[in-house]
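Shared chain: chain A. Partners: chain B in the first complex, chain C in the second.
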Partner chain A sequence: MAEFLMYFTNGLVIGVINAISAIGVSLIVGIMRVINFAHGELYIFAGYFSYHLSLTFGLSPILAMPLSVFFIFLIGILMERLLIRPTYGDEMYSLIITFVLSIVLQNSALLIFGPYPNKPPALISGSTQIFGLFHYGNQRLLSFGISIGILLFVFYLIKKTWFGKSVRAISQDREMASLMGIDHWRINMISFGLGAALAGSAGVIIAPIFPVTPTGSSAISLTAFVVVVLGGMGSLKGCVVGGLILGILENLGAAYVSTMYRHIFAFIILILVLVFRPWGLFGQKT
Partner chain B sequence: MLEIKAIDVFRGEAQILWNLQMKVEKGEVVTVLGANGAGKTTLVESILGIHHPKKGEILFMDEEISQKPPYLITQMGISCVPEGRRIFKEMTVYENLEMGAYPAKARPLLKTTQDWVFSLFPILKERRNQIAGTLSGGEQQMLAIGRALMSRPMLLLLDELSLGLSPKITKGIYGTIRKLHQEGVTMLLIEQNATMALLHSQRGYILETGRIALQGSSQELLGNEHIRKAYLGM
Partner chain C sequence: MGRIVGSVLLAVILSMTSWALAQDTIKIGVVGPRTGPAAATGKAFEEGIAIALDHINAKGGVLGKKLEVVFEDTGGVPEKAASAFEKLATRDKVPIVVGESHSSSALAEIEVANRYKVPFIICEAWHDDITKKNYRWVFRAGPVNSGVVDFYIAPFVKENGFKKVAIVRENSDWGAGIAERTEYNMKNFGLPFVTLKVERESKDFYTELTKLKGENPDIILAYIYGTGLHFFVAQANEVGLSPKSLILDGAGPPSLWDSFWKNVGKAGDLELFISSMHEKVHLTPTSRKFWEDYKKKFGKDPSDYKTRSIYNVVLIAADAINRAKSTNNEAIVEALEKTNLEVTTGIVKFGLKQGSYEYHQWMPPMLVVQWQDQKQVVVFPKEAATGELKRGR
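Presenting the complex of A and B:
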């Protein structure tokens, strides 16, 4: 029982991180109809940034984490300006560009950071007993807390602020949104930066638990895409529920079936959703 | 207030508007009549900056706007009730109105403008927390008008207000147009269904295959034999 609960808790922790990463993808798809294949690489880069900022440059991890996310935000903004903006209106081009970029970034990561897994220092050590049943690492509990905080922040941003409302308006009807006086070029750029920053946040949160490697990035993108499809295109709630379901299933599956199948589970879920409910759990049936 | 000077507008390869001239003065309600495909929507969208004329100028408050993007034109004070309403269906009624008040100039007035809109359309106040996509057609049209008013426009463009609405609801909506005119809102009414529009405007233009075929006071146009046959079904 205690063992099951521990795997389940692992699933929750990974689940909320999945959710953050998936919202990054979903936001960009929803507003610009662009699928960012380089999503996983941005996630990995953030992990390496926080590793090097704290270990090579001696910054406190509390500073290294947000600073890494900020760098990824800037990279996202640059990507949109230089590579994505010229492709608007042609989804095929943006697909090819982000795909090529993902390969370029993955190889750069290999060149710059080397092939070895790097684990930034933990923010906190020790463990806490949960309900008197099992001990759970404090770093993981903290990661869970930070992730929940980020999710609440994103929900607030999208539901309540002018920026969030413009994002939703553009996702529904881009032309009408511009007739409201919304400068959609600017909103696109910021949203792309935000999508990247969310990939980066997931990366810096997970890196102290599971070290990042350059070759891990494709699986990270895959997971994010599966969560978006499972939750339903354009649904924040869907990303959270989808992220949790995938996190829990993968962790229980890895514990009780085999770790070898971890990514197979994601793939099976993807197929099942596409066959039985292609619009996802919370998506709009069109 | 609005002056269109000999514009040629293309959509893709096809020329839709030909050397089109027209004017709207402050405080006026002006009608543009035209059959299906005459180019009425293209005209509205050219004023709004969705299409840019290849030739000619569009002056708004004496400033040339024809090459500006839509968001800047909206911020300058033109807003529209588009053909087919195009409200934000997944947002609430309240959020739709808020989106209308997006321009920086309109935001500080959001609360007062909203009270004004609610006084014009009390049903919107009742339904303010409802998802807009679940409103009836007439209510969606009211919401589209309300949303357009939220930016406190100097000029309001209305593309086929009566499309798909029952005569009774159309009458109600035109009642609101009359009120808005009395409050000094300048409007351009684009219609296929002519009687209502001509009865509520001072001047009118007839658009035929992208050219102005005829213009005059609404009274004159209402009495014109050709127009009675072609647009009023009499």
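Presenting the complex of A and C:
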């Protein structure tokens, strides 16, 4: 029983981490109909920023983390303004541009940061015994908490604020929203920045547990895309549910079926969803 | 008209300079991972090559010419490794290739070496099949899975009286081979063991470690090469498995990389690893020379033993070309078969009897080292030991 709870808890934690990494992709897809292939690279850059800000420049990790996310937000805004904006209306172009950008960014990371995995300092060390049953790493518990905080913030932002309302309006009908006086250029730019910042926050939160490497970015993007397709393109709720399903399934599968094929379970589910419910668990059938 | 004469002149001058350059140097090829999970090995290789080239060129180079190296990245991926080797064979037309530290990559490369008939000396890919295939062009001056397990890991486990063994192995050719050999030995000893397969690129081992905890082993033989090992060691401590159960890194270098202590923190104490190098163990004068040259060039002690492995094979390659008196492939293979050269880990002589992995194989002596308060203590074999094995509580 203790073992099962451990597998389940770990699945839950990894699931929430999956969700926060995927929600940035989903946001951008939902609002702008742009698939950001450079998502994993933004995550990696944030991890490296946080590493260098705290270790090379001696900043406190508590300061280094939000600062790195802010940098990624700015990079996101720049990306939207320079590369994505000219492609609006043609999804194929933006797809190609972000794909090329991901290769460029991955190689620049290799050039700038070197090929080694780097791990920003953990905020907390050691582990806690949970319900007297099993030990669980403190940094993971902390990351879990922060991730839930960020998820709640994103939901609040999209569901309750004026900004969220305009974002949803644009994703429903861009022209009509513009006619109602919403500046869709600005909303797009900020949303893209926000999506990038979410990739960045996933990066800074997770890097102290799983160090970042330049070549690790494709795996991060892939997981994020699986979660988004699983949950339904553009659905925030879908991201959370998709992320959790993936995390829990992988851990239980690894525990009770085979540790060597832990990633296969996610893809089996993905294929099943694509066959029987191609619009995802919470997506809209078009 | 003047332009045509000019360009013809330019072409002649260019071809002459490239001819002159080609005459001044001999280029040999190196393959190894400079990116991917074992990128640090590429760095270790670069350092070892630099010292070897200084050493050889100070003594007059090879066939009276300066020795140079073309280092192709494999990324630790077999397909990339095969094309890297092919580039060296066809584009650079190197007379010999050395290096490699991933078995999966080496197994792909030896096929290319065999096809293009390019002599290839492997230093750190351990799978038995690499030399067991008995290819005429393939040599290995480095550890082989069966040797490492039969002479070091298995006797270490037996002599220290461990009661229950856990084998954790990555899904690679090296992982499968070394785990299989370990199981074979444990069966012979009658020691109970469990084997757990893990993904090479995996970052999260909580599930695997929880399973292991249920088995309650007193030694875990971790056959994971790359930063995955760091995650494994750190997380084993977080779930409360180690240091009660000791962990032995069956590859070695990951426990020696600069990032090791940063990634594992206190969990690294009492961890064991395989190595062929220790500050206090010098088997030959070349070993001392290497140590001093390294310190002079890089201002620190060498840590990754693969720096020395690549140094050795560059020396062996240069020696063979010199004795062959040409860069002809047949002549080089014949010279390699007659190698009798002192390197840092002993005197290299390749096995010549066909039919087993011992063909074209020479293995250096290895050590089992334990981290004790961030100091390396050799705990096995007894005659080389610099301290006692410390057990976990």
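Everything that follows uses one rule, which is that the second predicted complex is superposed on the first by the 277 of 286 C-alpha atoms of A that agree within 3 Å, B and C clash if a C-alpha of one lies under 4 Å from a C-alpha of the other, contacts with A are read in each partner's own complex, and residues count from 1 in each chain.
Simple rule for what comes next: a contact is a pair of C-beta atoms (placed from the backbone, for glycine too) under 8 Å apart; a residue touches a chain by one contact, two chains touch by 3 or more.
As the structure is a computational prediction, the values presented were derived from the model and not from experiment.
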- Which partner, once the models are overlaid, touches more of chain A's residues, chain C or chain B? C
- Message: Let me test your reading of the model: by the given contact rule, A:A255 touches which partner, first (chain B), second (chain C), both or neither?
- Response: second
- Just chain B (first), just chain C (second), both, or neither: which does A:I148 touch? neither
- Message: After the superposition on A, what does A:S178 contact: first (chain B), second (chain C), both or neither?
- Response: first
- Please work out whether A:T213 is in contact with chain B alone, chain C alone, both, or neither, and reply first, second, both or neither. second
- May I ask you to decide whether A:L63 touches chain B, chain C, both, or neither, giving the answer as first, second, both or neither? neither
- Task: Could you look at A:L74 and tell me whether it touches chain B, chain C, both or neither (first, second, both, neither)?
- Result: neither
- Report for A:S166: first if it touches chain B alone, second if chain C alone, otherwise both or neither. first
- Query: After superposition on the shared chain, which partner residues are touched by A:L272: those of chain B (first), chain C (second), both, or neither?
  - Reply: neither
- Task: Please give the residue numbers of chain A that touch chain B in the complex, ascending.
- Result: 162, 165-166, 168-169, 172-173, 175-184, 284
- Can you list the residues on chain C that touch chain A in the complex? 34-37, 39-40, 42, 75, 171, 196-199, 201-204, 206-208, 210-211, 214, 227, 230-231, 235, 237-240, 257-259, 262-263, 265-266
- Item | Touch list for chain A against partner chain C, complex | 3, 6-7, 10, 14, 110, 114-119, 125-127, 134-137, 140, 210-211, 213-215, 219, 251, 254-255, 258-263
- Query: Quick one: in the complex, what on chain B touches chain A?
  - Reply: 48, 50, 69-71, 74-75, 79-80, 82, 86, 88-91, 95, 98-100, 102-103, 147, 151
